[in-house]
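Look for chain A in each of the two complexes below; its partner is chain B in the first and chain C in the second.
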Partner chain A sequence: MNLRAVKASFKQQAIQFAADPQWIIPSIVSPFLFTMVMLYIYQDVTGPIVLQAVLGGGVLGMWANTLFASSFTISYDRMNGTFESMILSPTKVFDVLIGRSIWNAFIGLVNALLVFFIAELIFQTDITLANPIGFFLTLTLTLMSLASFGMLISTAFVFSRMGRFFSSVAEYPIYMVSGALVPVSALPQGLQYVSFALAPSWGVDAIKYTALEGYGGTMGVSLLTDIAMLAVLSAAVLVMAYYIMNGAESAILSAGSAERY
Partner chain B sequence: MFAEAGPLRIVWASARNSFVTRFTAMHPILWLFQILITSFFAMYFFAALSEYIGNPEVTVSFVVIGNAVQSVAATTLYSVAEIPGVEKHTGTLGALIQSPSSLFSVFLGMSAFGILTGIFAMFVSLGYAAFVFGISFASCNFLSVGVILLLTCLSLTGLGMLLGSAGIRLRTAAIIANIFAYIGLLISGVNFPVSYLPDWVQAVSYCMPLTYAVEAVRGAVDGASLIDLYRPICMMILLGTVFMIIAWFSFKFFEESSRNSGKTDSF
Partner chain C sequence: MRCPPASRPSDTVRRIQNRFNLNERFAAVTGMEYAIVAEDLTRTYKSFVPGSPVKAAVDGISLAVRRGEIYGILGPNGAGKTTTIKMLSTLLTPTSGLAEVLGLNVYDKKNIRTLRKRINVVSGGERGLYYRLSGRQNLEFFAELYGIPKKEQKTRIDELLSLVELTEAADIKVENYSRGMKQRIHIARSLINSPEILFLDEPTIGLDPEISQGIRSLIKKLSDGGTTIILTTHYMFEAEELCDNMIILSHGTIVGKGTVEDIKSTISGVSSMRIVTEKDPSDAAAVMICQKKLDVSTSRLLNEKYLTKIIMNNAEEEFAVIEESFRPYKIISIGVEEPTLEDAYLTLVSEG
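Take a look at the complex of A and B:
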């Protein structure tokens, strides 16, 4: 891995974000509104469902950021005409994407904390975390799994210009299978299998273990198994993203099709 | 000398242009796929949420019909409001402002694609409601549903045009459009009765055409005729007209100020 390229792309992504920070808003709006909808349907601001709604909203915020940022990261290069230069440079696109994804994951964390904070400010639920250190640890691990998932999503846009199409189509299904608001156990069997294949779903379960007092788990496993599954699936996704990206890069360089739109 | 094009000709040419450009950028099959997937999962997500929470007042039927109407807002409002921002991003807004055609007519024509998408999304959603979620349409007044559907799209186009006019001056109106496209989920009685909201939010809710659209469609599905639903229908027409008039002035203002300041493409 070219660490200098990772650092440079992280910095470049940060500067780009600072130049136009308003794009964090769409990633906050829908998760926050979904949390509010859940709380209004519940008609009460006490009890475990409230904690689940607020936590779930935060996790959805991370998901939304991963989904939108990852699908736009390559699309913008294509739109702005910088994709060809990037792919022609000796640096691997994968290294560039790692730097960008780490920044996106960091913003995802900010996003999650903003949703927690606003929901807490409005509903004053007085959330007390069962295990604060464990909570931030599992939150960070989940964030890393989302970053690796984001890398996989980004690879698709090396081939295609349909970034917006993918992010708009995938938004609700991903919210659904993430188990953030509606527990995985309440989903139909088919969707449960999809959920089990996604590392962040195990992360959500782990977060709930550390945040909610007396939480019994909805994936049917213990906290340690959740964390193990989270790590294994994230690593698998990262390896998959690496091979797909390298294959795509070679194919584009051979065909000379980088500027095709 | 060329004869100046009338507003209707500009609207027609822009509408045709909007279809050509959209379907050039995205294949019609993908467009169809996007509507089918998004409409289904949006309904399913909230249906599962309401079932999980188990509030007896918020049944799956209540949520599914509400979200079928919301699908119009998510498509029509967003796609209409983002048009000026997209033109700015692709570098064509400057040329449009400098042309003798009024921007309002150009963007009204371009919103035809959003209107069509909204109508189609709602039909798809109502299809899901009947065939997937098992909602009974036995006593439905289909004429009322059809008329309300059209009025919903037109009134939301007025709001979308108003929001979109800000895109001439701002870097993008997509952020505002995004907020308005989703806010209906919370304040328009889509997922729970408007009466659950605080009084001041209810007041805002009744300034949104979507609130009346949701109320009217629920009534029409229960068999109400257009005459029975005159109140929400009149309010939708009124709000749509008011938004369209304000949008006209807003476009005029931003168009003239961009021409005067020479900042037609400021980003």
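Take a look at the complex of A and C:
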């Protein structure tokens, strides 16, 4: 891996973010809306369910942000005509995407924390975490798993400018099957198998272990099982993204489609 | 005793034999060192209409570019210029044929990243830059992608900004640049890795004469410094001013090749007649085109006069006939000139 390219891409994404007002929508407006919707739904409920609702809002915000940022990353290059220059450089596109995905993950984390602040400060929800340090760690790991998913989605944009259709259909299924909206155990049996195959579902379960007092788990038998599955599945997605990305680079050289938008 | 017949290498074996040392074979024959050698380079695209034949964007072109020269690729829109540049710069895989750039087979995957460190491309137009980043930030980003050592980066970026006269605008966002400034920062970006070969795809398209002249001076300066330049352009004067050698493409094939003089000599005996008339001679021009099969173009001048340009294959025979045909339109001036590169280009392209 070309670490300098990773660092440069991280920096470039940060500058783009700071310079572009459109990021206010996924990073500030949408977490606010998610939290508000969740809290209005559960306004007559007290206890851990409220926290569960806020957690759900946080994960939804993280996923929306990751998805938007990952989709935007390559489609923006295609639109600007910089994708061809990037392909022409000796650096692999995968390395550029890693740097950008790390930035996106960082912003996703800020996004999730914003959800908690909004819940606590604006809606005066009582948020008491069972294990604050563990919570922060599992939140970060879950975010990394979402970022690896984002990498996979970015590969669709390397293949084709039509990747946006893929990213559009990826948004709501993840909300459902990750356990962010409803517990995985409440899903039909077939969908539960899909949840087990997705790293974010294990991440959401791990977050609940650290946030909710006395949580028994709906995915793994313990917090460690959740974290292990989260790590293994995220790594698998990352490896898959790497190979697909290399294949995508060859495919666009064959098709001559790097300049298309 | 009869000797057994020598075994004939299969097509595959011959292709593999050819694949290697293409550059060396050219060098051995010509005694020159080549930056680019291509043989029978072809690129076809599938038609979107089911059942239609594949379309050849580039159809079996061969060329050899010497190190340090400015090599022009001319041709009308859709002739295959950009496709050729993309194939030679690793951005497009050819359907068949061979290409060696700086002695490396372009389509051997092992070579691609090595080669990309040593070449670069500039495309005409406004795309290809991060608009929300400043000129300097764009250069810094690409410097990292090319692995330019940190210690060298600042100096090199400052030098490039100075070369393209953008030092003062270096920290302004690219979205605020004029078109000419964008094209200059494009060139600076393409020089970030000090490329041995620079591919310039219509670098002066849409720019005003002053900026275009500046870019042409820069191209000359780079060539004088030893950079091999591959230039596509629609402007014949630009090709004439810059190119040491060139090819003219039409429908994906080479219809002309050599120096400017070589290209002009392909239409020796052909001359160009310019007639200025008071009245619109379009009717007479149409007759020239239909009956005499001559290449005729008429344009209206700002002073309400009409300029007609006719390419004549035999001036002695055709002059009198043409003059006679145009007399009713009140000839103001008439003259015959030696063919220009543009005349040769138009003749070759129309024949191709």
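Points worth noting:
In the analysis below, the second predicted complex is superposed on the first by the 232 of 261 C-alpha atoms of A that agree within 3 Å, B and C clash if a C-alpha of one lies under 4 Å from a C-alpha of the other, contacts with A are read in each partner's own complex, and residues count from 1 in each chain.
As a working rule, a contact is a pair of C-beta atoms (placed from the backbone, for glycine too) under 8 Å apart; a residue touches a chain by one contact, two chains touch by 3 or more.
No experiment lies behind these values; they were computed from the predicted model shown.
In the superposed model, A:Arg4 lies in contact with chain C only, and not with chain B. In the superposed model, A:Ile41 lies in contact with chain B only, and not with chain C. Shared-chain residue A:Val96: touches chain C; no touch with chain B. Contacts of A:Ser168 after superposition on the shared chain: chain B is touched, whereas chain C is not.
Of the two partner chains placed by the overlay, only chain B lies in contact with A:Ile49; chain C stays clear of it. In the superposition on chain A, contact of A:Asp20 is made with both chain B and chain C. Legend: residue contacts after superposition of the two complexes on their common chain; A:Ile133 is shown touching neither chain B nor chain C. Within the superposed three-chain model, A:Leu121 lies out of touch with both chain B and chain C [touch as defined at top].
On chain A, the patch touched by chain B and the patch touched by chain C overlap at residues 20. The residues of chain A lying in touch with chain C in their complex are 2, 4-5, 7-9, 11-12, 15-16, 19-20, 80-82, 84-91, 96, 250, 253-254, 256, 258.
Residues of chain A touching chain B in their complex: 20, 22-23, 25-26, 29-30, 33-34, 36-38, 40-43, 49, 162, 165, 168-169, 171-173, 175-176, 181-183, 186-187. Of all the residues in chain B, the ones that touch chain A in their complex are 26, 30, 33-34, 37-38, 41-42, 44-46, 48-53, 55, 58, 171-172, 174-175, 178-179, 182-183, 185-186, 191-192, 196-197.
Contacts from chain C toward chain A in the complex involve residues 43, 45, 83, 86, 89-93, 109, 113-114, 116-117, 120-121, 123, 125, 127-133, 137, 140-142, 144-147, 173, 189.
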